[in-house]
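Encoded as structure tokens, here's the structure I'll be asking about.
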Amino acid sequence: MTIFGIPIFPEQASTFAKDVDALYFFILATCALFAVGVSIAAVFFGIRYHKQHDSEIGARIEGSLPLELLWSVIPTIIAMVMFGWGASVFYHLRRPPAEAMHIYAVGKQWMWKFQHLEGQREINELHIPAGRPIKITISSEDVLHSLYFPAFRTKTDAIPGRYTELWFEAQKPGQHHIFCTEYCGTNHSGMIGTVTVLEETQYQAWLQGGGMEGTLAQRGAKLFNDLACSTCHLDTGQGRGPTLKDIVGTTVALQDGSSAVVDEAYLRESILNSQAKIVKGFQPLMPTFQGLISEENLVALIEHVKSLSPNPTTAAPAAMPTPAPAGEKK
Amino acid sequence: MLDKLKIPERHYLNNGHGLASWLLTKDHKRIAIMYLISISVMFFLGGLFAVGIRLELATPQGDFVQADTYNKFFTMHGVIMVFFFLIPSIPAVLGNFLIPPMIGAKDLAFPRINLLSLYIYWIGGVFTLYAMISGGVDTGWTFYTPYSATGSNTNVVPTALGIFIAGFSSILTGLNFIVTIHRMRAPGMTWFRLPLFVWAHYATSLVQVLGTPVIAITIVMLGVERALGFGIFDPGRGGDPVLFQHLFWFYSHPAVYIMILPALGVMSELVSTFTKKTIFGYSFVAFSSLAIAVFGFIVWAHHMFVSGISTYAAMVFSFLSFSVAIPSAVKVFNWTATLYKGAISFETPMLYAYGFMGLFLIGGLTGLFLATLGVDIHLHDTYFVVAHFHYIMVGGAIMGYLGGLHFWWPKMTGRMYSEFFSRIAAILVFVGFNLTFFPQFVVGYLGMPRRYHSYPDEMQVLNVLSSAGASVLGLGYLLPVIYFLWSLKYGQVAGPNPWGASGLEWQTQSPPLTENFLEVPVVEHEPYEYEHIVAKEKHLV
Amino acid sequence: MSGHVSPVSLYITIFLALMVLTAVTVGAAFVDLGQFNFLVAMIIAGFKASLVIWYFMHVKYASKLTKLTVATGVFFLAILLGLLLIDYASKGFTSMPMPLS
Amino acid sequence: MSNAVAHADAHGHAHAHHPALQHHFDTMGQQKEAAVVGMWVFLLTEILFFGGLFAAYMIYRVWYFDAFAEASRSLSLFWGGLNTAVLIGSSLTMAMAVRGAQTNKRAATVNWLILTMILGTVFLGVKVIEYADKFEHHHVPGYNFQWAAAHEAPAAGGEHAAPAAEGAAAEPHRELALNGDQLQLTTQIYFSLYFTMTGLHALHMIIGIGIMLVITWMAWKGKFDAEYYTPVEMAGLYWHFVDIVWIFLFPLLYLVERHT
């Protein structure tokens, strides 16, 4: 729902979103009733009993027990109604149906890694079928995170060393936000993504590795961002990974003292098995992408890195204009 | 009637001059003035970080500062505002100054401990400022492990030490008030003749004394884990980060009642004085303060509904959390009932009182959303929560603090401030506050998470509205500094009782003597009786 | 005016009682009571603590307010431990899944 | 805290009241009562301060009972028991010191106070011995903590002559639910709590002995009499509290499971 183009209410994308919103509006209505009632009473008394002359004093009213009981008991009853309704919605939110489709999510400092049972793995991206309940089992590799789908009205913390879970059922196709809502360090606000709800048939097609559009290097650039490589490999080199600007063809010193020429084989190995050759002065933080990206995505990524070195000392001249700087946000 | 009044020759301000007479004073009033200056400095420091936050959030990409600088901004904003402004503000300034004269005592029970509390506050402040200057800390004011123990490489230990030390300042103030209120009331001052300001501070002191030690030990455990490599909360060695949250919130939820209860006490005084009428349901309002203090200790896990506590525990804490809402509602209803058939006048303190009632009402009621389990799953750690607690702390505690300051300024300094500018400031604060924080409710329900320096584009308009409101609010806070300082020199002489108030502190000269009363007062009247006040004024004039 | 002066004999008996109770608690630890070891140890420790509070710290002769203060401390400690247990017990005290299990 | 430091200010008041009566109190009774209540409110905060540690101990003891049992067995029951006796003794001597001040016997007060301080120092000495033993066995978390070594110790136990009383790995154990690697991790939680609890307790002992030094000096200067002995009583209350903390720490840390 939007006013003058400004969204003021989130989409109800999951089945229980409307239950949460109904409860929200009930509480909103009762609170508005109380707030308006008290405000009107206060303003009216303020005007009606305004002090006429200086030494006037108010009437001597000590209090009244029935009135006190009235505005203690009634709020208690309303509070119990709110509690009961809230508890039932919560109970529904926290009990995933047995036949729910299972997805694993792992929070790692500043990216969400989703693992489908069929083997497909995604970073900061989640493709799910509409109309089927989905249970996500969440854990964390380092600090506390919290997987939050505003459009589905549900979130759960990711605790290192323990599994927590949430479930939802998306009603119709669409794209919605994924946020991390438990403060987790420098790039906490970059730990976001989009969940794409697809029709059942589209989802099956996607599972088989759907096609991508645009030139190889441009697709590589998009993948470079989607897979959150940009969060560590900054052009300035200050990131947690080495800069990838103008490195093709050069030799880099490695942690174990040896050195290696940066060519396609080196790039391919560093992506698939990132622990093999660690550049001197960097931590072995990079996740391995083995089985995470298909062959053509791998080639697209390598093309993108090559396009970052417009005049490589050895390899073939790059034809592509350098894409937008790697660090921009989606 | 105030024409030919003069500042009395002898009072606590000119009873001894020079730095030593201030730094080594045992007079609770001078300690209160030093606290006033210290927390005002801390308030504007915290405010600067708030300005940084609002500027950063004016644009979706968040390009005013880098991500980690922004993280340090909101962490320092939180730490300074919570531990160095809100918790000490009303108890240490107004409570310190007014509780002895209100109950007819010469001073607090332990004057030297009162001074020690001030020095401990300063030392804690120095530690936190050192941490701020030498690189800041970026864990958020909640210091959740494992990020604060192993993840962050910023000054966590110095800041934690600063808060640990400042906690003792809060404990000592609470201890002083409890013993004073129990053992040093003037003859005739029974418990049910105590002003409600004193009841509220008694309840606050209970919370300060019972809650603060638990965060002290939590900080010790965090410091020991981070500095010495111990493994109490370390998940790698089987520790439980959720246990840290339990121990942290066991203090930090009652801490929000340390911040709001004194303001509720100030409110009862303002509403009664400016309606010239006794408080409606005195004993209910008094006991509601105690109820808030005690219930505050059994509700803490409503901050942890999504952080891995069991479904059963979430339901128990959600049920208990509603028990705290009832006493707050009772207070608001009793204030409204006090207005009925009163002789209401709208001087500045009353404007702040009206503003407080409106904002505290919204703040309190939005708490119901967060206590309700079904909605809290969606709202936890979003800007809805930020708006809720700012409505309570800024709309409640700061409006109450400013209302109290404007009400007792003539008693503390003997001079009146300019009524015109102070009314403008009150309205500015009210309008600026609502413009700043109401949009945050909406953007919160949209799902904008807390502590984000960049957000999706569609949420920009609401954030820009909020940033605009923040500048109006900032201006509203600057004005009082100006006309208060101006009033010290040029303010009209206030005389003992400019507002015709009924408290015992209004029956001595202003500014009061060092020993508050020439001879120990004997109390015969009920707390809020204005009949004999007016009679005395007629006899005076 | 001065507080209650207890006879030296009272102090000696309390001291001996504490020493005996220490021996008892050590002895009890060597007896396999299963679940109740912890409970027995805490009951003995609690009893020893109340002896010290009641007689050594003169709370027996102190004002009602002092007694109330002692009770408040214990009550709020019970709130902390009790409500904490509500969460951990309802999770069946399952510990963190050990990485190497 | 220093509120137990003597209330008697140097310049005695001229009027008939006892020199130690503060200006803002009406009678000595009111002043002493305020001091007692104030001290107990402070001890309230100490109860909750150590309460936070007990809460953490309670949860982890249930979670990793075997680690706690094994680690607790590695503590020497002899030193623990001796320390408990020493501290209960110092409680007695402290009570006698307060009684001495109440009955206006200056020499007795000073002697009992000195005896209390001696016992307190003995307690700290025993703690130093125990800590040294922990460092020697690498049982200090964060300081190359090795638990597994203690298991192999029976085999290699012969040659390194650990003091006989140190029963780390001698007795036979029952079947454990946690294997060696898990013990290496979870016993670190026990020892983290052990060092935090006993370390804080020892720090409170040191503060207590510091306070008693000041009180002894004041008693020696004859500042106390039957009418005004509040500082001695406050030091007594503080000391008895520190003893009560140890009364709970001893069974919690040393007697987790001694009966296998």
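Chains here go by letter, A, B, C and D, matching the order in which they are written, and residues are numbered from 1 within each.
Methods note: a residue touches a chain if its C-beta (ideal position, glycine included) is under 8 Å from a C-beta of that chain, and two chains touch if they have at least 3 such contacts.
Everything numeric in this text was worked out from a predicted model, so none of it was measured.
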Of all chains, the one whose CA centroid lies most distant from that of chain C is A
Considering only C-beta pairs in contact, identify the chain pair with the most of them. A-B
Can you name the chain whose C-alpha mean lies closest to the mean of all the C-alpha atoms? B
What whole-number Å value describes the gap between the mean CA coordinates of chain C and chain D? 15
Would you kindly tell me how far, in whole Å, the mean C-alpha position of chain C lies from that of chain A? 48
If you average the Cα atoms of chain A and of chain B to get two centres, how far apart are those centres in Å? 35
Give me the residues of chain A that touch two or more other chains. 161-162
Do you know which chain B residues sit against two or more other chains? 182, 210, 214, 235-236, 238-240, 242, 246, 250, 311
Shared-contact residues (touching 2 or more other chains) in chain D: 33, 37, 41, 44, 48, 51-52, 55, 59, 63-64, 182, 185-186
Line, ring, star, complete or other: which describes how these chains touch one another? other
Okay, what are all the chain pairs that touch? A-B, A-C, B-C, B-D, C-D
Given the complex with chain D, which residues does chain B contribute to the contact? 105-113, 116, 168, 171-172, 174-176, 178-179, 182-184, 209-214, 216-218, 220-221, 224-225, 228-232, 236-240, 243, 246-247, 250, 515, 520
Provide the residue numbers of chain A that touch chain B in the complex, in ascending order. 6-10, 19-20, 23-24, 27-28, 31, 34-35, 38-39, 41-42, 45-46, 49-52, 54-64, 67-68, 71-72, 75-76, 79-80, 82-83, 85-91, 93-94, 109, 142-144, 146, 148, 150-151, 153-157, 159-162, 164, 177, 179-190, 329
Which residues, counting only chain D, touch chain C once they are in their complex? 28-29, 32-33, 36-37, 40-41, 43-44, 47-48, 51-52, 54-55, 58-59, 61-64, 77, 81, 84-85, 88-89, 91-92, 94-96, 99, 102-103, 178-179, 181-182, 185-186, 226-227, 229, 233, 236-237, 240-241, 243-244, 247-248, 250-252, 255, 257-259
Per the contact definition, I'd like the list of chain C residues that touch chain B in the complex. 65, 72-73, 76, 79-80, 83-84, 86-87, 90-91, 95-96, 98-99
Footprint of chain B on chain D - complex, ascending: 1-3, 22-26, 30, 33-34, 37-38, 41-42, 44-46, 48-53, 55-56, 59-60, 63-64, 141-143, 182, 185-186, 188-189, 191-193, 195-196, 200
